[in-house]
Each structure stands twice: as C-alpha cells, then as structure tokens.
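Same chain, two partners: subunit A is paired with subunit B first, then with subunit C.
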Partner chain A sequence: MTSTRVVEPWLRQPLERFVTEAGARLTLIMTPAGQVLAQHGFTRAVDVMAAAALGSAIVSSTREIAALIGEVGFRALNHQGVHHGIFLAEMDSPRGRLLALVVYGSDSLVGLVRLFFEDLVRDLGEACPPEKPRKPVIAADFERELNQSLASLFGR
Partner chain B sequence: MTERLRRSLDRVTRVRGVRGALVVTRDDGLVVADALMEGVRGDAVAALAASLASRLGSAARASGLGAPHFYHLQATEGTLLAVPGPSGVLVVVVADHELNVGLARLEMLRVAEAIW
Partner chain C sequence: MSLVNFTTREITCKIVYYGPGRSGKTCNLQYIYGCVPEDRRGRMVSLATQTDRTLFFDFLPLELGSISGFTTRFQLYTVPGQVYYNATRKLVLQGADGVVFVADSQARQLDENVESLQNLQANLLEKGVDVRTVPLVLQYNKQDLPADLILTPAELDDALNFRGVPSFPANALGGEGVFETLKGVSELVLRRLSEEAPP
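Here is the complex of A and B:
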C-alpha cells in the first residue's frame, strides 16, 4: 500500500495530485535544512530521514558549485538511472523555500515530472493558509510538536 | 539546433492547420527543438506526447502489432501527430482540424531524416 503523510493538512492534496499525474514512486517535500513536511511512498522512517538528509546535502553542494561559477543556483537536478530517476528541485512557497525530491520509475519521464512539478509549486502556493503568528518556543511544546510531526510522517 | 533541422521544422509549420512542431526525446519527454505558435505549451506537449507514445507503443507490442510508425490522435479541438525518429526522438505536430494529415506526415518524416 502506498501512503502519503503530511505534517500540515494543506500539503496533502497538491502532493497527491502531483504523485498521480507525474507517476512519482517516492516524493519528499522538505525545508532546505532537510526537515520533512510531507512524504509519499516511503514506508520506513529511516529511509525518509536518509533521503531528506542526502537530498538537502546535494542541493547545498550544488548551490556552492553554482556560487563558484557565478550562478545564483541550480533550480533542479535530474539523475537518470536504468530503472529509476531522481528529480531534485527547489521551489518558492508562501512558507519560504522548499525542496522536493522525487523518485520516478521507467513508467514516467523526467519531462512529465518537470511539467507537473510546476503545477505542484502553483498548487502549494494556492493551498497554503496564512501563517499563524509564531509562539515563543518552549521545551515542552517543542517536544510535543516534534512528536506530532513524527507521528504524522511515520504513522506512529 | 542545426540549420537543416530548423528548416525542416519550419516546413512542417507551413502546412495549413499546423500550430506547432517539436522534436522530443522519447525516453525523457524533453524538447530538443521546436517551432511553435503562441499559446502552444511546448514542454507540456513534449512530456505528454512522449508518455502517450510510450504507452501506445507498449499496447501495440502487447497486441502483437509491432512498433508503431505513426501516431494520430484526434481530439475535439484539433489533432496531435507523432512519428518516431532516429536516435530516440519523436517528431510531434499539434494542429487544428483543417490539417492535411498526409502532407503533415510527409514533412514530419523529412524532419526525422534531418536528424540523421
């Protein structure tokens, strides 16, 4: 059974639509620091954490390479394998810059993933509710919110 | 884009009813070269036509028909044509209903030849 899990409900519909239309097998939406906001297709927490950390590191590395050659940044990367491809892209959202890591199989195409990624960015922008004023972070809330996020993502 | 390929794409677009012609990578669905009228989304056509060709190819082979030579999709507002070319590309045409399909196909085959 494939699954979509989100930290905030507004992420679910755009992500599910993207996964269906692009034919993505695995998808992560995360912050540039690697904090996962939504995932589709992963079944093990350790895989999500590893993929998020690696995806975030790849984007950071390529941003530094871009800086070396005088580019602002690379918006998207694609790694093509024999059976799977990985599409990694940055996007601007009302919640700031986000990263998407998409794994697709031979039943999809990078062109399709790129095409529907544009729709995902638009859909997320439209679905995002206004951000609530931030409360001061206290240790008890932090732990509770962290546990809630983990429960949302991994179903614990 | 080589001059020969550009000229052959331009010839396709001169066929009455053609709104755009593209050379697309079959495995990726990305645009290699295009000649499009305003309003035709080249990246969307490329990705979806390559995906469609891939699935129709699978269906044809599964039906024992072999590899397709020509794709012709008639829709309510127009027509989509595709011809597999060499080096893993697909020549795609978007047109309206007044298209002479035979003439368009001939010009599409010329585009495929220009890729050699």
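Here is the complex of A and C:
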C-alpha cells in the first residue's frame, strides 16, 4: 500500500506526481543532514529513517570525492540491482539544497526516473512558498514532559 | 535545524556524539539501544570497519514520546573518532541540532580530548557555525577506571569545559551517566524550540 507523509503541504503534489510518472516504488525528499521532508510510495518495505541517513551520507561523501578530483559535484548517481535500483540526486530549491532518494523496480527505468526528476525539481521550485520566521514550537515548561518521556524510555 | 511537522505534530532532532577515538561514542548508542523498548527505537545502523571501529557513523533513531503535543524523535549519530577520518566527521556533523562531546577521562588521553574539541570547533566553523551557538554537553566517560589513571570531573571541567556547559561523569559500558547525558542535551535542544527564532 502506498502512503504519503510530508512535513509541509507544498511538497505533496509534486512528489506524488513524480512517483506516478516515473513509476518509482518509493521516493524520499530530504535535507542534506538526512532528515526526511517528504516520502511517497511503498514505505513499509524500507526503513525510511535509516535509508535517509545512509542516502545523505552517500551524497555527501560523493560530493567530497568530486571536490577532491576538481569536479563541481556529481548531481546524481544510480545503482542498479537485480530487482531494484536506487537513484540519488541533489537539487537546488528555494529552501536550499535538498536530496532525493528514489527506489524503483523492474517496472521502471533509470532513464524514466532521470527524465521526470527534472520535472520534480521544477515543480518543487514553483510550489515552494516563502519561508516564514520560526515561532516557538513547544511550551517553555517542557521539562516535566521530557523527564517523564525519558524516564519511561529508560524504564526508570 | 530541528524538523517540525505541524500536520502530523512531529519533531525530529539530530544529535551527534563527537569525541576522540575509543572514547565511547558508539558505546553510548549501544547502551541506549539495549535498554530502550523495541517499539521506541528504530534499527541501529553501524558503518564500521572489520575491527568494529566506526568508519562513517552509527545511527540510532529514538522516539522520546509526546512533548507539548508533538511526537518527538531524536536521531542519534556518532562520528568516527580517529584523526584521519575528519572528512567523514564533517559530513556527519552537518545539520546537527545538538552535540554530545564524549571525552575519555584517562589522564593520558587529555591531549586527544583537547585536539578533538578543537577539531569540533574548526569543523563547525567551516560550516559557518559558531560552536557557542550549538547546544553542547560534555560527557566524561570511563570514570569507572582506577582513580590513578583518570582525571576527576572537576579536573576535566578545568581542561575542557571553558564554556561552562553541562557536563556528566559516565561509564557508558555500564550505562552510568548515559541517560543523564541524553537528558542534558535533549533539554538544550528542545529549549531552542520553545524560543523565538533570532531575527
């Protein structure tokens, strides 16, 4: 079953369109630090947080290798397996640099993913609203709840 | 910056355990992994060498519970402590919402601790981040070793804690101080979310 989770609503439509058009199984949009901003597809088959952490590490280290050999950067990389392939790419957005991790199966092709990825970058750029200044998210007296949560986490 | 999902009311924060090689960063995560209920943690991912030294990072997602109506998740990372892995340390450090500096309390490791702390400062600065603005706590690990081999928390505070940040004595192998350290950094990270963003 496919599912969608987005941190901000503007990410939803471009992402869902991309996954449908590219025939991807799963796509994650994440920050360079590996935090997932949006996900769509068959997420139950993948440990999403681990995949995002590993994907961002691959992109970051590839970027550094590019710098070592005098390249500006490699915008995308692809690994093709027997049943699945992964496509990892960087993109510039009004919110700064973002990363995409696309998992596709035998019912798609890397060419198709690449083709529609260009559209995804454009669509996200158009959909992105200006960033609002951050307001306090949690109450100032959060310590009691934090202490309770941690105590239950550690069985104390 | 911490990720806040207002629709699903979720907060995700990245905490990085930093410090010299063999100071006990991975040990902290392994202890947490071992004592936290399975439904409150994800899979621990370790990219290590064949001799179990951290090559890239360890990663452990944790679900703290509900804070101010937000389901709060922490993603714990460690960096490789060995000097020659600085490039990967920088990559793991990017986007950190809080840092735990794990110092080795052994007296003979003091120079390594100082060097690693300076390295943390330099790597943050390279990303345009002033270490004074990052939520940071210190953990003085291996306090269970014989007294003649280690420095006391007060001595380590004198040598390392020039910012006067919260510091915690610990024995990560046995679990002492691990909880207190995580609690300390959690408070600092979440405190930021209860404040207005600077203009």
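To be clear about the criterion, the second predicted complex is superposed on the first by the 128 of 156 C-alpha atoms of A that agree within 3 Å, B and C clash if a C-alpha of one lies under 4 Å from a C-alpha of the other, contacts with A are read in each partner's own complex, and residues count from 1 in each chain.
Criterion: a residue touches a chain if its C-beta (ideal position, glycine included) is under 8 Å from a C-beta of that chain, and two chains touch if they have at least 3 such contacts.
Every value quoted in this text rests on a predicted model; they were computed, and no experiment measured them.
Of the two partner chains, neither subunit B nor subunit C is touched by A:129.
Once the two complexes are laid over each other on the shared chain, residue contacts for A:115 go to subunit B alone; subunit C is not touched.
By the document's definition of touching, neither partner reaches A:81: not subunit B, not subunit C. Of the two partners, subunit B and subunit C, it is C that touches more residues of subunit A. Of the two partner chains placed by the overlay, only subunit C lies in contact with A:153; subunit B stays clear of it. In the superposed model, A:35 makes contact with subunit C only, not with subunit B.
Across the superposed pair, subunit B and subunit C touch subunit A at no common residue. Contact residues on subunit B toward subunit A in their complex (touch as defined above): 24-25, 27-30, 43-44, 46-48, 50-51, 54. Only residues 80, 108-112, 114-115 of subunit A touch subunit B when the two sit together in their complex. Residue ranges on subunit A touching subunit C, taken from their complex, read 5-7, 9, 31-37, 47, 49-50, 53-54, 57, 60-61, 64, 133-140, 142-143, 145-150, 152-156.
Residues of subunit C touching subunit A in their complex: 2-5, 7-8, 11-12, 14, 35-37, 40, 42-43, 45, 47, 56-57, 59, 61-62, 64-68, 70, 72, 75, 77, 87-88, 91-92, 94-96, 179, 182-183, 186-187, 190, 193-197, 199.
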